[in-house]
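Would you mind keeping the following structure in view while I ask a few things?
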Amino acid sequence: MLRFLLTRLTLIVPTFLGVTLLTFAMIRLIPGDPILLIFGERNVEESVYNQMKADLGLDKPILVQYAYYLGDLAHGKFGTSIITRTPVLSEFLSLFPATVELSLTAITLAVLIGLPAGIIAAVRRNSVFDHTVMGASLTGYSMPIFWWGLLLILLFSVTLGWTPVSGRMAVKYFVEPVTGFVLLDAAMAGEWGAFRSALQHLILPAAALGTIPLAVIARMTRSSMLEVLNEDYIRTARAKGLPPWRVVGLHALRNALIPVITVIGLQVGALLSGAILTETIFSWPGIGKWLIESIRRRDYPVVQGGVLLAASIVMLVNLTVDVMYGLINPRIRKGR
Amino acid sequence: MATDAGAIPAAAHSAAPPHPLVEFWRYFRQNKGALAGLGVIIFLGLVAIFADVLAPHPPAEQFRDALLRPPVWQDGGTWRFVLGTDDIGRDILSRLTHGARVSMAVGVFVIALGLLVGVVLGLTAGFFSGPVDIAIMRAMDTLLAMPALLLAIVVVAILGPGLFNAMLAVSVVVLPGFARLTRAAVLTELSKDYVTAARMTGARLPRLMFITVLPNCLAPLIVQATLGFSTAILDTAALGFLGLGAQPPTPEWGTMLSDALQFIQRAWWVVTLPGAAILLTVLAFNLMGDGLRDALDPKLKR
Amino acid sequence: MALLEIKNLSVAFATHGGEVRAVEGVDLTVDEGQVLGIVGESGSGKSVSSLAVMGLVAANGRVTADRMSFAGHDLMKLGPRQRRGITGRDVAMIFQEPMTSLNPCFTVGFQLTEGLRTHLGGSRQELRRRAVELLDQVGIPDPDTRLGAFPHQLSGGMCQRVMIAMAIACNPRLLIADEPTTALDVTIQRQILELLLDLQRKRGMALILITHNMGVVAETAHRVAVMYAGQVVEERPAAELFRHPRHPYTAALLEALPERSAGQRRLPAIPGMVPGLGDRPEGCLFNPRCGRVRDVCRAARPPLLPTDGGAVRCLLPLGAA
């Protein structure tokens, strides 16, 4: 197990360095003077400019500059926003919970619907239900979610008036941020009106963001279940006279879940891509919207730091999934 | 089963096995979804080629007397603008028609570039093991580790917004998939006898790479390229929607959507139609990609 | 009274090209405490028949029989719940591939106690004690620690022992062993076979031993049924069948045994192939390969005709003048 963990860790290090190289190169590849990019495009006095250049090590060879950059990262310095003058890391941390809340809700919805749908489709192979699930899943998989989000708004907010169009909570409510998750904070403060409002704001963007993972999970669960249901040990389980729910829900599902969990884990990257779009449509104050706004404002330090932080988190989650995969698969856990 | 039984005497009569393409078509034809996808793709291709003839109006022409005109079947609609007009009076049908041209061009360009660079990198990594292989594959891992849209955003941040830069960005996104696939296929093929035979006859490296080995790796690449079309179209549209891709007044579907955002409460058609066009196109390529995979993957053949 | 009685069992599978019959008109009887050997080449319908008894035929398969009764229960009339009360409890089965027949995600102990818990119940300690006992009975050393092992940590022979322990957990009256030794090393095959027969004798349970190996059956079975292309072609007491085979196919199988053909330069082989599911010949199914074939054999399927001590599906049986 330890060796398994270590190999995974050694694999992620070069990838992480690759991402830092990319973000490091980004600022230098953007046309224009890096100092002006980092400090905003204002007139800077010659002496101040040179001072900055020395401070940033920009007078040093490029490799030394990269080493400085890595050193800064190691000390948690991810740059400072040109516009707000606050450190990128603290901005990221204050916005990150909103994205996590949205993404977790989305993936929960996707699992809660996709998993049973895939299982039933596999058990009732070639039934009307199966064909419906597969058709819906292929459509969901092909869905431009920025459009899908708009359709949901059009239907539920504009036409039916059930849910609000944007934001995390109605303006009249205020909840002291403790965890940063509005739902949790509202519940802990006992503000049930705020909780309701937060839930109403959350459900539509989460549904939009969850659509593609839902489609992927349903498809994967179905094909994985179909494969497992043909295995010899399923016949053994049935030969024991076990009830069907136990054969399908325990013996088959436990094995079928192994690839499904990997796929769910791999959705984290797709989820972040989706969050960028969903947050923009629903004005959800998370890191996706923040990144897009920063690009529009040419706030390059934020783009640089934000991309690195977001990519690192995706890689960390993927690593965790990899390790979890080892935990649920006894062949890896006990084997080597 | 019954066809098997019938096939035995039939096979005994016809001396030559069917041409691989004929056999492929036989499998592909059985998949109705894939056929429908192919149909839609051919249709879109024709629309893209003949957009100038098919579109009733130039895509950027503004009819100041007909702002936000609804489609013909709604009150206030007119046959002059079958699918209505947008906020500055441009004909939606014409813009959608030219949008098909943009999207198809995007797909072709992105896949061609991604395929070209990816295949060369994959072949190089597969043929030269050691540091070259490691360097290429670690770089590909890095690109794959980044969420697709995030990576595209980094590239657009460097190059600046615009349709061409967005296409370059999406090429970078799809490239590692092709590189990995090629490398894996090359490694399998390299261990086979025909490669050894070609080597012994003194084939030079470029010939070995491109003439001997590459054609045998094509099947998975074709499938990946078809599925990649949908990624290319979807991601470029997403960039357009975010304002980082095609810029107005380019009739690109994603850009049309982002222009229409503010009219969502008043004019459903400016929002619904471009998105439906994207969905239809992406769905068609996904359906056909699935069908191709089933028809080309020898493991699934009975 | 017979423990298991099957009359005219047929199993058909729906495929893209229509229905194909894997098993056709099979009659079998097993008495309490008896060992029945079922012999036949792969695809002869041995496994499918036994799966039909267990109620495990795949969803696209259709099982029909004039009679299929076990210990007085009409298996064709039982609902799924009552059927499951018999399957795994009174009738148990072990399979050809022990390595893949155990669920890789669960420990030996979990899989072993599962059937017990479902059919008999009991406290956790009782179940555990019983599981240790069972592993001990099937000759697994250090049963206490093996309970926590995963299947991939065991060898093929060990896995088959675990499968046997699972099968006998609820003291079944009939055990069906479908090629239990085929996938194992030659050295292990004999051990497993002896274990099965030992358990059969000690517990007085009936055993159906399915195999393609005539030699195995010769030493172990009371009665033998020979299957060919989905049909029983001969069913008689083992000793008599081996001494005087009545069906030409049985005779050919016996001649192909290496020990019987000692001294000959080449092993005799049966010419031709077993007909596939879709291309069954007219008349007797064996007629294209039979050395004694006459025109009558090609006219109609011969019925199962009574002969000394059993039955044979041949119009011109051997040794009948």
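Residue numbering begins at 1 within each chain, and the chains themselves are lettered A, B and C in the order written.
Keep in mind that, in the parts below, a residue touches a chain if its C-beta (ideal position, glycine included) is under 8 Å from a C-beta of that chain, and two chains touch if they have at least 3 such contacts.
This one's a predicted model, so the numbers in the text were calculated from it and none came from an experiment.
When you average the Cα atoms of each chain and compare centres, the chain farthest from subunit B turns out to be C. Across A-C and A-B, the chain pair carrying more C-beta contacts is A-B. Taking the mean of the C-alpha atoms as each chain's centre, subunit A and subunit C sit 53 Å apart. The distance from the centre of subunit A to the centre of subunit B, with each centre set as the mean of the Cα atoms, comes to 25 Å. Subunit B makes touch with subunit A in their complex at residues 33, 138-139, 141-142, 145-150, 153-154, 156-158, 160, 230, 234, 237-238, 241-244, 254, 257, 261, 264-265, 268, 271-272, 274-276, 278-279, 282-283, 286-287, 290. Subunit C makes touch with subunit A in their complex at residues 54, 56, 81, 84-89, 92-93, 95, 97, 100-106, 114-115, 118-119, 150, 152-153, 163, 166. By the touch criterion stated above, subunit A contacts subunit B in their complex at residues 14-15, 18-19, 21-23, 26, 29-31, 138-139, 141-144, 146-148, 150-151, 153-154, 158, 269-270, 272-274, 276-277, 280-281, 291-292, 295-296, 300, 303, 307, 310-311, 314-315, 318.
Within the complex formed with subunit C, the subunit A residues making contact are 231-233, 235-243, 246, 251, 254-255, 328-331, 334-335.
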